[in-house]
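Working notes, structure below.
Chain IDs A, B, C and D follow the sequence of writing; residue 1 opens each chain.
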């Protein structure tokens, strides 16, 4: 399991490959579900030029660990990877990656989605949007279901 | 949209990156959901040494296209990628990749899972397992829900 | 009239051939063709899936001259 | 007794500070602390989320000396 807060831009698919290369689960995993959240240039009809992501060092990592441990208790998982970007983010840069590895697809699909929803609703991150008309804290996330 | 049957081993994450690099959706997509199915060394308690995947050239591609078109009608999707391996497959090689790109995560998550389930239940592919005790056609897939 | 028939996977092995061209009468359905194949080959096979011209069809689907008819076991891809 | 208090995001900007150390009486709850902060700062803020020692707590959670108390707006990560 790896949970990391990243201050620099990362490439989600390269990161998944690096991580998988170090895992010793060949032959065991049959299913990998992943989600990548990426910086858009719009939100609620506003034009966004950049985004700044703040977090709570210590609590953010701890809360993500609690989420992952809950998923490991509920589903048969071989591994979980979460990367989350903080700081100033440009358009089309990746913000979050959640990946789950399992023998079977049901466990991988369900855990990936639930981890992502729990991250959105509980992990201490806050987005501030720089738009063409000013700067504004995002007040709530788009519903996931 | 790209649907491809592959006769040679592929790397799912490198493929996603190649495909994304050619797409012109930067700033539009906020959510990418993907699923990778990979060759395990076990199935229903049998030890598997390799797998041979047969398909129905023409119908397989056509059926996958029908599945993707159904998803595009149902969800707001920016793009869809499906790669599926055929021929002789070794342990830990990727068998299938389904990726969906959308502005929002609900559409990406739901469409990826439904495309995958429809592929498993309807796309003309057949697996033959080479095990330590002989060769056997797989009779049914593991349930996905 | 003639139709071409294809078999896949375990059914291809059971039939001992991947495809054949079969003479059939007019106005027969895909399941009637399937029954006549099973009888002439003296084989049994449960849970067959049927496609005509690369699309799934219901068992009562009427065949036309030149159709490509495919019979195969439940699919197991992904 | 003393607790350290942290603010994040829009609440940090509203408070004009990221953290402070506050003297409180014993046996007060995290929501009582929050109310007293709002009053002393003369601000209003809806939908606050509260954590003590980096874990979410209920509003009636009793504070102990040395606790790290955090107040922040609804989270918007991912």
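Quick note on the criterion: a residue touches a chain if its C-beta (ideal position, glycine included) is under 8 Å from a C-beta of that chain, and two chains touch if they have at least 3 such contacts.
None of these values were measured; they are calculated from a predicted model.
Under the touch definition stated at the top, subunit B and subunit D share these contacting partners: A. Distance between chain centres (mean CA atoms), subunit A to subunit B: 22 Å. Spacing of subunit A relative to subunit D, judged by their CA centroids, is 26 angstrom.
In this assembly, the C-alpha centroid of subunit C lies 71 Å from the C-alpha centroid of subunit D. Touching two or more other chains at once are residues 78 of subunit D. Residue positions of subunit A touching 2 or more other chains, listed in rising order: 37, 105, 116. Here, these are the chain pairs in contact: A-B, A-D, B-C. Those residues of subunit B that touch subunit A in the complex are listed here as 11-14, 16-17, 20, 26-42, 91-92, 103-106, 108-109, 112-113, 116, 142-145. If you check the complex, the residues on subunit A that touch subunit D are 37, 53-56, 58-59, 62-63, 84, 95-96, 116, 119-128, 137-141. Of all residues in subunit D, only 6, 8-10, 51, 54-56, 70, 72-78 touch subunit A in the complex they form.
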